[in-house]
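Before anything else, here is the set of structures, which you'll find just below.
Below are two complexes that have chain A in common, paired first with chain B and then with chain C.
Up next is the complex of A and B:
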């Protein structure tokens, strides 16, 4: 009698627990997406030509001189390298296991802005015949500074906390980039037409934020109802300075 | 009889003290050798000796800070130059203790040898109250340093190749004069200009003066500055060769300098200058 009672309770508990677990993760289809375009109004600052004469091996790699990348614009006032991400409403997602790549080539960072999720592995590669030191100026995360001479293996890294981290190479002061470490796997970086698409979103209400290193951040609320929430556009006011 | 009784009381007192310390474990502590430090006690001396530079909030903005270059360390950032631990990790209590004891050569940070060992250990505990990182993160595991290899001309010459290949000269200059092509543009992590070390005038380092400490400097890097860590790219045995070469750049009478001078007088013309032209073809 007594045993029966106990086992009954146990059973109810187990059943209850699994019900709670189910309620916590509703099996919703991850089918929607949010896409749009990043543009500017006004006059963006002109990017400066980079003088790489102190590093002849990098000068050689560029038939035409490259310019700084803090504001990269394209056709129809589009802006590249804005990071667009779900800042609220995300259901939680584990970091993809595939390592991202951050390349140093021609004394430039490729890509200029690398977005990633907390805990996501990434590899830093030196494709130049010269040494670089990779110095991400983290504040919340650990600040480290490592030399990577030519021909040495890729550096494996990941960040445990969300943070927007400027990256620089002290040897080549014109090299600037960003590691954007986010709490979500739902993010995108605008392409050379200013376009972006955040995929695999379950239906729901979200706040979408767009960040640009020079123009700051903007947010808007978006409802994903299954299909693509197209036309989630962001317009930044550009000031020439 | 009287004595025993006193001992008994002393015993109780000791037990109480131990209990008190255990209770304070959640507050910041430090451990250096057989000494344990406590932040509360450290605060008193901090306010007496350190506050004028490092500031009441430990952010390096003390009242003397505007007149000082390099600036006093900002303890709220928990980024330290002199560590036995890998780049990006917290230093050990011993590292902080050594830095406080040694002071920073060529800067306003004085050596605090005149304070007692216990005072210095307490100060270390107090410094650790300024950043939450001391609660969330552990100190790194110290980099291992193998026994030093013999000082030979082969070792010095190989070290010289590494100085070329690892491009130390880009900052420190081909002759170690602190005048490499990147020297003028270097800034620390707070965007303040910072010169690379000039070996030709420097007899001491900020982070210690022994060969072991010199080994550690370039393997761990000086966090918060452009000086990077080479731990991933220089093998431990090779690192000693680099140490031996660096010693020949300093105005010091060392075994390395003696070996080097003797060789250079007869073989100097065989040397290719260090610098950009040499980049390809120097093997490790």
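Up next is the complex of A and C:
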């Protein structure tokens, strides 16, 4: 028994010493960034109008009919809702403590794509005067399926493993979104001009991957040397069907 | 106490019969060609059941009233021969009534289900799934695309699992969540479910049809009045059943043509 205690104490001391040694190393400056634009060539599919007539409270919130969001394009062939992240070369970091928000409003998910880090907390909010039933179709992470009547407090959630999770509402079949759970804290979602920027990157070599729900993934190697690695563009090939 | 019970039973019987006779809560308007025959049948059933209901309740009151006097040592009368012949008598009586209603009603049922649809019917492919109705029109080519269950994706508004990349017939299929039809035009619905049993119920059409997974269920009708009517699911199909509904829009032919044209673009 005594031997066990001694060995455990020794192990703890060694582990503690290693931590102190690690902490003593000067951190690499995180000053670089990667930015660019997501665009397409070809003809993207035409988005379909969503008929929300069974939910009058949601119809009221949309002066013009809402369309599907699986391909949202903008000016100059830009693509919104692509997720761009460091797939290799990242040094690792702990998840931010600030919770992200995923809103259900007008019978739509806002944002359509929510990117997060493994272990990062996020809140699911129902801003509609009707019930929603949020059902993320996780395969690697635990799958759950929760009802959220109007006026209920936000649901708190987080995912322990990296996964691209489609999200649906069991009550309103047209509601569709994604939880993108990543191993890195260095990611971005392209905006309505297709632009993105991944900030606070230490200098180094990285593999950057862009994912889009309809067009798949693309990767490229990028070297960050202190300044902004501009022009890290991704071009997806779009087909109408 | 017995006399009070007899009086209460009589009052309940008369009030509930009065509600039916005065049509306090009555059926909604009829908007289908076959609706009147369904209503006639409902009426016949109602009268047959009503006569039995009223007479049995009043007899019950009468017997309770007569037997309520406990002051005298009365001998309790029983049905001639005891309980067994009484049960047989009741089963035969009710059985005959149900059989009679079945034979009379089957004519109306057959006129809706056993007659072939009009050859000029417009076909609408109706698909149900938790918790929505979808309606598919063949589009300008008049042909429906093939269904591929593995391609079903409601988030992308492809609830039928169409494959426009490889199946040309499916490219112009119109898939919508509201059923728009022209007035006075025979409609043939081909109904199927992608998960559990649902039901297509439009009270004004006098149609209530279960949609059983694995079956393709045809149903034809002609709407005779324009307007907007609710389509509801009447089979408890899961958590969102309460919210499973759609709308039927019956519009004039020219308005329908215009709508179809807009949808095809």
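Convention: the second predicted complex is superposed on the first by the 215 of 241 C-alpha atoms of A that agree within 3 Å, B and C clash if a C-alpha of one lies under 4 Å from a C-alpha of the other, contacts with A are read in each partner's own complex, and residues count from 1 in each chain.
Please note the rule applied: contacts are C-beta pairs under 8 Å (C-beta built on N, C-alpha and C of every residue); 3 or more make two chains touch, one makes a residue touch a chain.
Predicted model, so just to flag it, every value in this text is computed and none were measured.
Once the two complexes are laid over each other on the shared chain, residue contacts for A:96 go to neither chain B nor chain C. Once the two complexes are overlaid on the shared chain, A:152 sits against chain B while remaining clear of chain C. Once the two complexes are laid over each other on the shared chain, residue contacts for A:70 go to chain C alone; chain B is not touched.
Contacts of A:135 after superposition on the shared chain: chain B is touched, whereas chain C is not. In the superposed model, A:239 lies in contact with chain C only, and not with chain B.
Touch criterion met: A:176 reaches chain C, while chain B stays clear of it. By the touch criterion stated above, A:231 is placed in contact with neither chain B nor chain C. When both complexes are overlaid on chain A, the residue A:54 reaches chain B and chain C alike.
Overlap of the chain B and chain C contact sets on chain A: residues 54, 130-131, 133, 147, 170-173. For chain B in complex with chain A, the residues that touch the partner chain are 77, 79, 86-89, 137, 165-167, 170-171, 181-182, 185-187, 189, 221, 223-233, 276, 279-280.
Listing the residues of chain C that touch chain A in their complex gives 129-132, 154-157, 159, 164-165, 171, 175-178, 238-240, 243-247.
For chain A in complex with chain B, the residues that touch the partner chain are 54, 56-57, 129-131, 133-135, 137, 139, 142-149, 152, 155, 170-173.
Across the interface of their complex, chain C is touched by residues 48, 50-55, 68, 70, 130-131, 133, 147, 166, 168, 170-177, 239, 241 of chain A.
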